[in-house]
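What follows is a pair of complexes built around chain A, which joins chain B in one and chain C in the other.
On to the complex of A and B.
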């Protein structure tokens, strides 16, 4: 039962990949294990905490005997990484221990029988679509960072994917800021669908997406699950239950003061101002007048900072305070040359968007000007 | 397991089964009753019945019985069902491993030492456990018809944890039920209690408990079962724990032997008795807890562990003097707890009058109090032994 031979570096890579599905705090010891299945000429590896994330991947091996076993993820990763390059053979016996044999190494790792291992659940009648890995990565990079980390409001820790027809809206917010990205799918989906996806699977997905890959990423969303399939690897998660915030309501309209500024200049100005602003809740004050924008920060303990930038301004003079980190998060997610900031008053939220991209917008709540 | 195999609680089970039958399950139950009467056990069966794959169209209350065969039942029983979870009060017994912290192979960050937790005196439901629960409950269910979270010892939730939990408890996502269990509902926040449907569990009547145990443990003598049932005062789970662990019975028997010896002991013997008590507390802990965890906890915080189990030891001693008191007051031998030792008790009854028995019980109680007041365990035990001799 269960016997395969494979290359050390592929094994390590795959084991590392699936071990991300282990939460380490699972109340059920077996879910801290990686499930291994030898089938035909494949080794299937699965790890899941049964809730937030499940990872499944496949690698080509020489399978001498088909079978299954589970072993602790931590131990297997540790060991696979330390074995010398070259062929490694894995074999399980009746007593549920996994024999790992390398060039000069011989290990016997205690495992658990695979019967009790919870597999990734099957999706029931999902809505499916696909897009290039580059596009998916772009969507995630521009939105997921804006999710909340406050687990007492679970809805906000998730990112909303809303698909209607060919349109995909991706939204994330922590109530201080909101990121919304609209994209078009290649073809219409069978059925409109909304899904709130927690952060963990998305972060793992960002890690494995390859913007240069030709193979597309598939997305399957059912009533209670989501599954992303990227080049032989499946990342699944249960959806967050509940109603997402009514986000169209918070998107400001009628910002009559429009500032256009160079992204890189603004980013480096903010970065410097942060040295001071960090001590004052990341607060920076933006003042636009004529063709200049001053970015200033003040802190009782540290001192004061002022940066001047060249801009073009449409409308009256404007003044507003923002969280500099939040602005930098957004600037880091776009690669446009110019940023458009639309403001109406110092107490109204501001709208930030790349000057050359209508589809992405970022709403920022103002801070009190001190 | 199944409902039919739960001893006692007939009325309570009827109420719960009816709720299953009509499908009117509240979002939260509060099971109130003494510890070890079967609250958690019942909650587990309820979870199974609500999700059993073969129990899809029950017609009467009597049909409500989980099959124990389908994968849902089996997974719940094993505690590996993705929509089922038990949260228990835990005490941190420290990071056990002395290994140096090394970088986590996955994230590259230095891994934190893994804290180990066990259940013992002073354990509480920590805010981190509640946060995990809230997060988990925010997800859609996986495969369950009704997801269930069981929270035992709910009164040990501290105020911050309880407050964080309120909103989720009041409006969990669809198809979710929380079962909170507690032995002291007055220690719960009223805001928690008011969000739950309260279900009362009473001590299992002695006759019911006896019949149940006799049929389940035919290898144990009826007399021994009788005394264990009497000792358990309706906490059937506690009685089962005793019966499943032969060590436990041995410890009890050693303790009762000590009581006999103490009746005619000298001072040296008494000091040895003190040692024996502390030793019994340690054996008791090891016998009544899962081996690996018990040993770790003992290593990490020995004193605390011994204080926890010394309470049980004192309870056993108390039954002895209670029996003596009963005999000395001519009440007859029918109500004896330690029925299997009736002869020895009768022999000794002449040497202990009612006053001495009362004094002994008082000393035991005082020691109980001292356990919580940081008294030196060994000294307190020796002191106790000295005071229990007939002088």
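On to the complex of A and C.
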């Protein structure tokens, strides 16, 4: 029962990939294991914490005998990474131990019977669509960073995917800032759908998406689960239950002061100002007047910083304080030349978006100017 | 002054260690913390990642090349601050002289704590254990008679180090160390020293003061002293670094009273005054303290710490009222009421407004509008209706 031969480096790569499905906090020890299944010429690897994430991947192997076993993810990863390059054979016996044989190595790793291993259930009647890996990565890069890490409001730790017809809205907010990206799907979905997806599977997805790949990524969403299929890998998760915040009402419309600034220049200025601002909750004060924007920061302990940039300004002069990290997060996610900042007052939210892309917007709430 | 015992505590690979503590699946894995999108540099690398040559301040793309299988994590400042604050609290349980110099480093003066906590090395071990136990992160500790040496000691045996440089070992113990290990010596100074044929601290000590001063100006004296292991041993008290301590007000009632409504109105009026004073000095208070003195002159105080620091009278009054309601006055009459705001800050970490809750913005606007009215028309021009 269960015997395969494969290459060390492929095994290590795949084991590392699926081991991200292990949370290490599972109350059931077996869920800290990787499930291995030898079938035909494939080895299927699965790990899941049964809640936030499940990762499943397939690799081509020479399978001598079909079968299943589970072994601790950490041990298997440690070992696979340390074996020398070359063929590795894995074989399990009735006593549920996995024999791993490399060029000069022989290991017997204690496992647990695969029957007890739980996997995320199959999706029930999902809404499905696909897009290029580059597009999906772009959507995630521009939104997921804005999710909250505050576990007391689970809804906000997730990213909303709202699909209606051909339109996909992706939204994330931690109540201080909100990122919204609108994109168009290649074709209409069978049924409109909303899903709030935890950060973990999305971060893992960002890791495996290849913007140069030709093969598209598939997205399947059911009432309570989501699955992303990329190449031979499936990343799944249970959806976060509940109603997402009423985000359209916080998107400002009346910004009468419009600043256009070079992204690169603003990013470097903020980066430098942070040296000081870090000591004051990352606060920087932006002042736009005429053709200049000054970015300043002040801290009792460190000192003061002031950066001057050339801008174009429509409307009256403006002053507002923002969290510099929040601005840099957004600037890091876009590759446009110019950024548009629309402001109304020092205590009202500002609207930031790439000058050449109306589909992406970032709403940022100010900090008080003391 | 008695011989001082200075501790330098340095949290090892701090951001990366916190991520590993928070995410058990990251343990024993190379973890790289930094801005993961766009133009970013490495903020911290776990020791597993350092084995691949990754170090902080390295561009992210380079780190990815050196260690493609690492776990890349975005910077989570709030989380690291929480961990850092906790370590400061641990330090403060041994000595009030704690001077944080950055989020992951602090100096402590533990002179004279022997009777309470045991010999210095024992204190250091306790601190290491407590931090490991509470937070599951490791810390390197150096002990010596001044800050310069304590820092070198903590650097000696990282990670998880514990080194004491005693005066008896001086100055020979420094001889073989590279000069860059002395604080205040950057790349430029190091290069200039190297041109003079000096790479080790022992060699630096051989140079006369006049020559160093001629070559390096003011820095010369520092180099001269540092190469002999001499430096400042002053560690400021933690409280003194936290700025103005508190604002408070108290009034002796015209007649002793146990009329709760009357007491509440006095508190309301004091809260309004204190809030205005805080706004004037541009600071925020986090701890509200209520003080009552009874007819028999017995005095009690009760405090509550708010979730967020504030300069808003409503928040203060609500807390004061809550404190008053919890006290059982019984038959006692109150002679004096006091209200205080402490734990003051300059607004750090509080003033981020929320997209979905405009309460704080409204309160902020209202308070400032009232301040302007008072400024123009004088005290009493506008006040809470309940006080009329």
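Quick note on the criterion: the second predicted complex is superposed on the first by the 370 of 370 C-alpha atoms of A that agree within 3 Å, B and C clash if a C-alpha of one lies under 4 Å from a C-alpha of the other, contacts with A are read in each partner's own complex, and residues count from 1 in each chain.
Rule of thumb we're sticking to: a residue touches a chain if its C-beta (ideal position, glycine included) is under 8 Å from a C-beta of that chain, and two chains touch if they have at least 3 such contacts.
This one's a predicted model, so the numbers in the text were calculated from it and none came from an experiment.
Looking at the shared chain after the overlay, A:121 reaches chain B, while chain C stays out of its contact range.
Of the two partner chains, neither chain B nor chain C is touched by A:163.
By the touch criterion defined above, A:318 reaches neither chain B nor chain C.
Within the superposed three-chain model, A:51 lies in touch with chain B and out of touch with chain C [touch as defined at top].
In the superposition on chain A, A:78 makes contact with both chain B and chain C. Of the two partner chains placed around the shared chain by superposition, chain B and chain C are both touched by A:16.
Of the two partner chains placed around the shared chain by superposition, neither chain B nor chain C is touched by A:352.
Between chain B and chain C, C contacts the larger number of chain A residues. Touch criterion not met for A:205: it reaches neither chain B nor chain C.
By the touch criterion defined above, A:223 reaches chain B but does not reach chain C. Taken together, the two structures place residues 16, 19-20, 25, 74, 78 of chain A in contact with chain B in one case and with chain C in the other.
Considering their complex, residues 23-25, 27-28, 35, 37-40, 69, 72, 74-79, 243, 282, 346-357, 361, 364-365 of chain C touch chain A.
Interface residues of chain B facing chain A in the complex, by the touch rule stated above, are 75, 78-80, 82, 85-86, 105-106, 131-132, 134-136, 138-143, 164, 167, 173-174. Interface residues of chain A, counted against chain B in their complex, comprise 16, 19-20, 25, 27-28, 30-31, 50-52, 74, 77-78, 81, 116, 118, 121, 151-152, 154-155, 157, 198, 223-225, 238-242.
Chain A makes touch with chain C in their complex at residues 16, 19-20, 22-25, 74, 78, 141, 145, 149, 173, 175-178, 207, 245, 250, 267, 278-283, 300, 321, 323, 325, 328-329, 331-335, 347, 349, 363, 365-368, 370.
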